[in-house]
Amino acid sequence: MPYVNIRITKEKNVTPEKKRQLIEGATNLLHDVLGKHPKSVHVTIDEVETDNWGVGGVSVTELLERQQSK
Amino acid sequence: MPYVNIRITKEKNVTPEKKRQLIEGATNLLHDVLGKHPKSVHVTIDEVETDNWGVGGVSVTELLERQQSK
Amino acid sequence: MPYVNIRITKEKNVTPEKKRQLIEGATNLLHDVLGKHPKSVHVTIDEVETDNWGVGGVSVTELLERQQSK
Amino acid sequence: MPYVNIRITKEKNVTPEKKRQLIEGATNLLHDVLGKHPKSVHVTIDEVETDNWGVGGVSVTELLERQQSK
Amino acid sequence: MPYVNIRITKEKNVTPEKKRQLIEGATNLLHDVLGKHPKSVHVTIDEVETDNWGVGGVSVTELLERQQSK
Amino acid sequence: MPYVNIRITKEKNVTPEKKRQLIEGATNLLHDVLGKHPKSVHVTIDEVETDNWGVGGVSVTELLERQQSK
């Protein structure tokens, strides 16, 4: 029954294996903390383009460029 | 005013015609059950990659592979 | 696997029976259009206070007051 | 802490510059109205295909075609 | 057509007037940046209990307590 | 930057301590799997009334009643 939505920026290092670990980890978390049956846990991962995510009024694209130019 | 979000896995059989039927059906549902004016109903469909959806701690990609190998 | 989220304004006429009909109708829709197994369909209903929903820059609370004063 | 999700249809005119303005504007709004620190505001923009968004029981794809044929 | 969801923590200072300003401001933003017709813009505000929002692994309830004890 | 939304049914056993564990666990998960800085991880928990959540076309309220009557 639980539904977990994980939103992250779309980046190269988010491989299918990493996604597998996020799904497994979130499922275990709901089981361990609330006793939810693993079969009932749904997890979705939304990968958001860095142009489409902003923190502090600035897009993540721009934040990453600033970091690299340091 | 109602807003319906339908999240499904991204699969080939979800054609524009199928999406049209989901939009029409969800709109009719809100009209029939709650008397909402169809013009006020918004529906969005999110198609999620099978790598990005997990049930029971396993990705849908893996679940589909298991089914096919049976 | 499908996950349907229905957002409506919180109003007195949304009884448990109406919610039951929304859940059943949305589940049938996913089954009829995409062949999804009913047991796999999850539906959640979010009831949003009329102060917390705006259309056209105006809260639904205010829109309802305008209608009544006509 | 605030989290703002903006869902729009995917259209050519939504350039990175427009997205930048949406992020900045939403961040300023939360600061101006509720005094939230800009650094704490997160904004995500979801661009939804016009086939996947319906209003009044009809997809936006179809609504746009009707407008053009007028 | 645009749909804006604003998630904030539930706090006393979020009055109906403040909500009105958030709705108006978000609607104007979509109009000013993307030329969306105000009547087509929907805004919902989700007020989340401070126990139910975490940043940096800690609930906002706890973060506020730490601030006050300083 | 990551944003995790956990939706569960509203039940008595979901104490503030359990919520604290969900927040901490989800934050650690994003750190361990993707190397995200804990301070950047936001977690929200939505507690949904059992009347407002359906699985297999039936509300959770009804599913729980069936279990108890067995």
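All chains are identified by letter, namely A, B, C, D, E and F, in their written order; residue positions are counted from 1 within each chain.
The rule we apply is simple: a residue touches a chain if its C-beta (ideal position, glycine included) is under 8 Å from a C-beta of that chain, and two chains touch if they have at least 3 such contacts.
The shown structure was predicted, so the numbers you read here are calculated from the model rather than taken from an experiment.
Between the contact lists of subunit D and subunit E, the overlap consists of B, F. Contacts with subunit E and subunit F are shared by C, D.
Note on interfaces D-F and B-D: more C-beta pairs are in contact across B-D.
Distance from the subunit A centre to the subunit F centre is 15 Å, each centre being the mean of its Cα atoms. Each chain gets a centre from the mean of its Cα atoms; for subunit A and subunit D, those two points are 21 Å apart.
Shared interface positions of subunit B, i.e. residues touching 2 or more other chains, are given as 1, 3, 7, 26, 42, 44, 53, 55.
Judged by the touch criterion defined above, the protein chains form a pattern that is neither an open path, a ring nor a star, and not fully connected either. Residues of subunit F touching subunit C in their complex: 7, 48, 51-59, 61-62. Of all residues in subunit C, only 1, 3, 42, 44 touch subunit A in the complex they form. Across the interface of their complex, subunit C is touched by residues 1-9, 13-14, 18, 21-22, 25-26, 29-30, 32-34, 36, 53, 55, 60 of subunit B.
Per the touch definition, subunit B reaches subunit D in the complex via residues 16, 19-20, 23-24, 26-28, 38-47.
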